[in-house]
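Quick heads-up: structures coming right below.
Both complexes shown next keep subunit A, but they swap its partner, so subunit B is in the first and subunit C is in the second.
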Partner chain A sequence: MKHRNWSSWLFLLAVVISVTLVGCQSKAQPASLVYGLTLIPSGIDPHIHASSELGIPLRSVYDTLVYLDPDTGVFVPGLATEWTVSEDGRRYTFKLRTGVRFHDGSRFDAQAVKFNLERVLNPETGSQKARYMVGSLRQIEVPDELTVVLDLAEPYAPLLDSLSQVYLGMASPTAVQKWGNADYQFHQVGTGPYRLAEYVPGDHLTLTRYTDYDWGPSFLRAEGRNQVGEVVFRFYQDPATRAVALESGQAHVMGEIPPQDAARIEGRSDLALLPVPIPGQPLQLFINSTRPPTDELAVRRALIQAVDRAAVVQTVFGSWSPVADGPLTAVTMAHLGGFGDMYPYRPSVAAALLDQAGWVDPDGDGVRARDGRTLNISFYYMSWGMMPEVAQMVENAWRAVGFQVESQLVAYPAALEAARNGDHNVIPFNLSGTDPSMLDSFYTSGGGFNWSKVSDPDLDAWFQAASVSTQLAERITLYQRAQQRIMEQALVMPVRDYVNLNGVSRQMAGLRYDAQGWFPLLATLSVQE
Partner chain B sequence: MVPTVGDSLGSGVTLTRYLLRRLLGLVPTLWAIATLTFGALYLVPGDPALVLLSESHATAAEIARRRAELGLDASLPEQYGRYLARIVQGDLGTSLFTGRPVTAEIRQQLPATLQLAVAASAVAVTLGLAMGLLAAVNRGHWPDAVITAAATVGIATPVFWSGLLAMWLFALVLGWLPATGQGGLEYLVLPAGVLGISSAGAIARVCRASLIEVMDRPYILAARARGIWPRSLLMRHALRVALLPTVTVIGVQFGFLMGGAVVTETVFARQGLGRLVVEAILRKDLPLVLGTVLVGATGYVLINLCTDILYGVLDPRVRDGGR
Partner chain C sequence: MTNVLRRESHRLSRPFSTAGWCSAAVLALIVLLAGLAPWIGLPDPLAMSPPDRLQPPGAQHLLGTDPFGRDLASRLVWGSRRTLAAAAVAVLITLGGGLPLGLLAGYHRGWIDELIVRVVDVLLAFPGVLMILGLVALLGPGSRTVALAVGITGVPVMTRVVRSAVLSVREEAFVEAARSVGCRAGRVVVRHLLPNVAGPVIAFTAVQFGWAMLNATAVSFLGLGESPAVPEWGTMLNLGRGYLRSAPWASAVPGLAITVTVLCVNLLSDTLQDRWNPPGRG
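Moving on to the complex of A and B:
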């Protein structure tokens, strides 16, 4: 039949045309560096918003009064050339650098510092993080153009660490006033080595080099030729597409490569894998010390000892992440380790602990019980950070020693709510940061994230003392004492030290990260010849 | 579906009245959508203030204070009343997380989603009609079998998987197209193609079925018996009738495409309304979710109104009745 031939040919023709059209769109050589971000922050004003993702581009837009040297772990001058702390730890006096100009040409001085800190403190700004980083800061004095004095109601030891972070970066008062709190994030102006050229939420963010920049610490000084003039950040939320974007040459740097793609990246000649350990808390399971049955120490200890954490980490995260040893990761100040010896993987010990506590399984159904109550664990977890994979292995290990596990995969708001209400026996979480004071909100009785539901007067006192002490050695001792107590009480099961697996094109050289681990020092980045 | 249109299409006045009635009918629909969304959001556990401060070192007291600042400690009826009063005034509120007006957030993301949905619709309609036509004309022969199978595969394949496959083939292996992001037309080819193909299957099926049904009708058989050449018979007589159910499917599919855009935007790392609303849900950004859902629902309802009207225009009985 004639018409059938005609239509078949048409079909074929359509296929040929579409394939040809597609083929014409060849890939152009990128003119600038593309850096892949992994989630879309709700907003990117560092004074207002809290996402750690915003710091990846904006660390290079803002200078801070001080910097934490990533090599030595010591605070070094930033916009402040020197500083003194009063004996009682309540007055910080900063001498500011001269000749610093914001990207908009306005001058950086003591009034600018006052403006920035007051902006953060102002409730109308609605700060989600910065406001909670300055302790009881109550007044900012400006004795002269280049001197700033911060006056605190109570000493706050982590203040210098806070002032070294992008959340307390120094923004141009002119620009902030011009755009207002809601829109300033699209027009941010700092004094850092890069300026914000454009931000289109969900699509891209572009930085261009600030050529006048010559006042930063050594690790922000650009040297040599072929510096990167423009960095375009794009958002790759779907973990599965991150490696694809990198391998196809669309992105030159990509954070949080999934472990299952990392080996392939590592094996390629045009790409390199750059694992960066992140200071702060490891991925860990908080164990509720008030809700039965985990209100019993023996049960909490049994939970930890029943799990082969090394096997979990190896299976889920590959060989790049160390097994977590304690409530802080190994690269964090005041980290205390050695808990592998306190809680080695011993299912038999876990079983014995439960037996002694009266949790037994006389009917042989595999589930322990006591006084007619089953040994039931309510386990909440979230969908990100490989938590479902970890949860699956951990659950199996618990079941093997006679726990009954009711696990729920929940959305983040629901998880936070459950944890606050104490509906959980176990829930994972982690937070990054350089100062161990981050433990406060997790292990003090009034802490906002006290998910172990611990109320220990000793812990409260130690954290309080560490927060006001001006002696670093004393603080470290107090935090280590606290970590020892946390682990003795089995308030948490550490799983994996966070390591950010960055994939990097070998066209790039000199990529380094700051002391926080997340934020690239873009100034020293260059293109290979 | 809308017999009234058929009777009234000849007169401009009755058409206007019909449109007004339909538009007024949208009000209870949109109220229901707004209320259901509000209810669903508030039923799901989660405290936005807690999420807002989850990366800070805030104490429990500071979190409670923030909750009050955001007006979230008010009773549910009070919050609902405030919300309704606001949307009646055309104010969608301010995002809890970005601090910007919801309308500004939507305006920023809407063009990208529309671009994707329209491009995907074009792919879906072109491909769907072509496939349906080819299958119907070759009923029972191999092109029909191939197309029917392909349509089933297209419908059954989730976009997050076919998207990755397409990315792997066209971006990694062949290197013809950018894998992700947006920009020129080349960035639109993969996402619109993947999304359009997934929807083309449904259109092809309906188109094929209705064409076959029409071609078996006595008047077509009679025309064929009189020796009218198949192509003109197909185009002039059969296709127009067969298009009617297809138009309805296309309207419904546009809604499907808007939904598919959520997944497609995530897979292809494109900006858009889909990602905006997913992010907002994950953070429990109540005003942003409510506003986006309301805008999306309005769009969907309006599209279906357009299909209904188009249906009337295309129906030959309507046209003849109007003369």
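Moving on to the complex of A and C:
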């Protein structure tokens, strides 16, 4: 009797389990998709905050006046159907699309554009990034309901690129006025293919599909039929948890997979690895050209030639990231290569450069000195982006040719402070972006990120000329000239071109990224049948 | 006097347990290896060799290699010097601060006792790790400041332990006797109190050593110790953490080393405690 009882219970259990499994299988089709973010942004209002993480969800919430086509690199219509730029480069006239409605039902028109740009310009908004992307924009005119004219004090060549970015996305004036600058980030309303449903800081952010959306550029048109109804963004700050979250099915898409986990993702049948090269600057070490001993060109060159950059990249980033070959990554407009040829890995050359400059090691303690001063390098680095790993290898290489290295792992605010004060000889940093004008603030006298502390009248003049030129070819020539000078002066040691390793579940199809490389075009995503 | 002698013999009669002997032997081995690190033919713990990265434990690399191709066995042994030294220095600082304060408070009583106990109580209200992190933030990162911070953070507990041990013997007949034959306070403390509180204090010092090691490695795990290139158990653990799935040994080796050492220290201190602090005496 007892035995029979057991077996009937077992049978029942088996039935329950199999029914549950079948149920799970049919449910496993994610109408709702989990997308893993890597950093918790301090705020996500794109007009106010500067985080690049915020664009990952919000690129799909907002439309921009123009879009940068990720396939062709050409600006294509967004909310503006056509535009003209005056000959002197100071007036931009946009014709707007008709029939566009915000997620809250309000109408998109020229007044909305004016409202958005004025919000960005208004000092009370406290914009950390968007305000610096519009050049000397001083007035927004609205001749009629569907025409906007932007009037600039000085020509600003990167303006179209700026207007294609989420930081200048078009928000619903009704919603912004209703919630105010502080709370709008929780109730954002745009015209994009997804609407912001909920944002709980540090926990999750939910987007739901905006079914009326039909005005996007061609590359935003979805091809699959099973589009994703809901996307939930969750945070995976610790790199070690990212691949695990994908493998266990907790997340369907994940950015910034650590290289050591990427091969495993690639080898799995249920997951795919999608490496996306990021335009902008490579991971690079800025070398301070004012603080001894790196105020000497020979010392800066020695620092560079002592390091086997290819081995560093291979060891830390695996085979997915190219070795950087200039101050811009290879996929960036106006990229100039040749750094590797200019400074091949030659520890012997590095040693000879230092010998010639009088930095010698007569007492044989392995550390060079001159006039009683040791060849000491103050090296700051931050904890993200595999910088500690890179730092260890680079330090080792420098010690091998006779540098003494004092390295410090610091948090970002401390790094900013050290870099501003010039307490560093070497510090890594990089920004991403599609327009080479990002180099301005890094290499012009008094630039906000001028961590090489360079003050070169030629560079200043070239950058100024490039930012006001309306001729693309001329701009490219100027930026390349500047890059050549930056390399000759050894102001920076580029390490690796940034490649974002995205892991994606094979249940999903059509995942692609915008021209900035970081931001997914969620509208094209669909569930595999 | 007879009282004291009887106590001594009573203590010596309690033998070491098996666990005590084993942990003492393991600790001795660890210390021996640390001491002999330069002479036992270990590969250079700093030498990177990218082609050999993340080799599993095997004949060529006894415990495998880390993500830079450095030999883990060598880094473990060299790292033990730094880790053990940090814990030892910290414990000496703890002892140097806590022992005099505890003796003073316990023997002198009165307002000094009141003052010390209040301050100690306030300091004990802070979580230890928080206090260590605060001190390191104040003093700047580096293995010296980590040892100092951990040591300082241990002082309040040590003061309390010493004080309560003193309180339990200061009213004993032999102390009374010493005082009544005219011994000065200094002599009473050094000749009569100190030897009689030494047992529990030594046992507690051993516990404190394990605590100090755990906290020193935790702080360097968080990146506040030495530069990550320098072999140290906490930084090794942190480096290995990113490779848990692909190369578990890179974190398991330093992790097990920390566990085993702290476990042995704690077992040893239990044994010491049993020996010097029989249950009857509280």
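Definition applied: the second predicted complex is superposed on the first by the 497 of 529 C-alpha atoms of A that agree within 3 Å, B and C clash if a C-alpha of one lies under 4 Å from a C-alpha of the other, contacts with A are read in each partner's own complex, and residues count from 1 in each chain.
FYI, a contact is a pair of C-beta atoms (placed from the backbone, for glycine too) under 8 Å apart; a residue touches a chain by one contact, two chains touch by 3 or more.
All values derive from a computational prediction rather than experimental measurement.
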So, after the overlay on subunit A, do subunit B and subunit C clash or fit? They fit
* If you stack the two complexes on chain A, which partner ends up touching A:N181: first (subunit B), second (subunit C), both, or neither? -> first
Answer with first, second, both or neither: which of subunit B and subunit C does A:L409 touch in the superposed model? second
- Query: In the superposed arrangement, does A:I48 touch subunit B (first), subunit C (second), both or neither?
  - Reply: first
Of the two partners subunit B and subunit C, more of subunit A gets touched by chain B
Exercise for review: Mind working out whether A:A240 is in touch with subunit B, subunit C, both or neither, as first, second, both or neither?
Suggested key: both
In whole Å, subunit B and subunit C in the superposition are separated at their closest C-alpha atoms by 7
Subunit A positions within both the subunit B interface and the subunit C interface are 240, 244
Listed in rising order, the residues of subunit A that touch subunit B in the complex are 3-4, 6-8, 10-11, 14, 22-23, 25-27, 40, 42-43, 48-52, 123, 126, 128-129, 131-133, 181-183, 200-204, 234-238, 240-241, 244-245, 247-248, 250, 411-414, 416-418, 420, 431, 437-438, 440-441, 446-450
Contacts from subunit B onto subunit A in the complex sit at residues 44-48, 50-63, 69, 95, 97-101, 105, 108-109, 112, 130, 133-134, 137-138, 141, 143, 160, 164, 167-168, 170-172, 174-182, 185-186, 189, 230-231, 266-272, 275-276, 279, 281-285
Per the touch rule above, subunit A residues touching subunit C in the complex are 239-240, 243-244, 258, 260-261, 263-264, 311, 314-316, 383, 388-389, 391-393, 395-396, 407-409
The answer for subunit C against subunit A in the complex is residues 46, 48, 50, 53-54, 67-69, 141, 223, 227-229, 239, 241-247
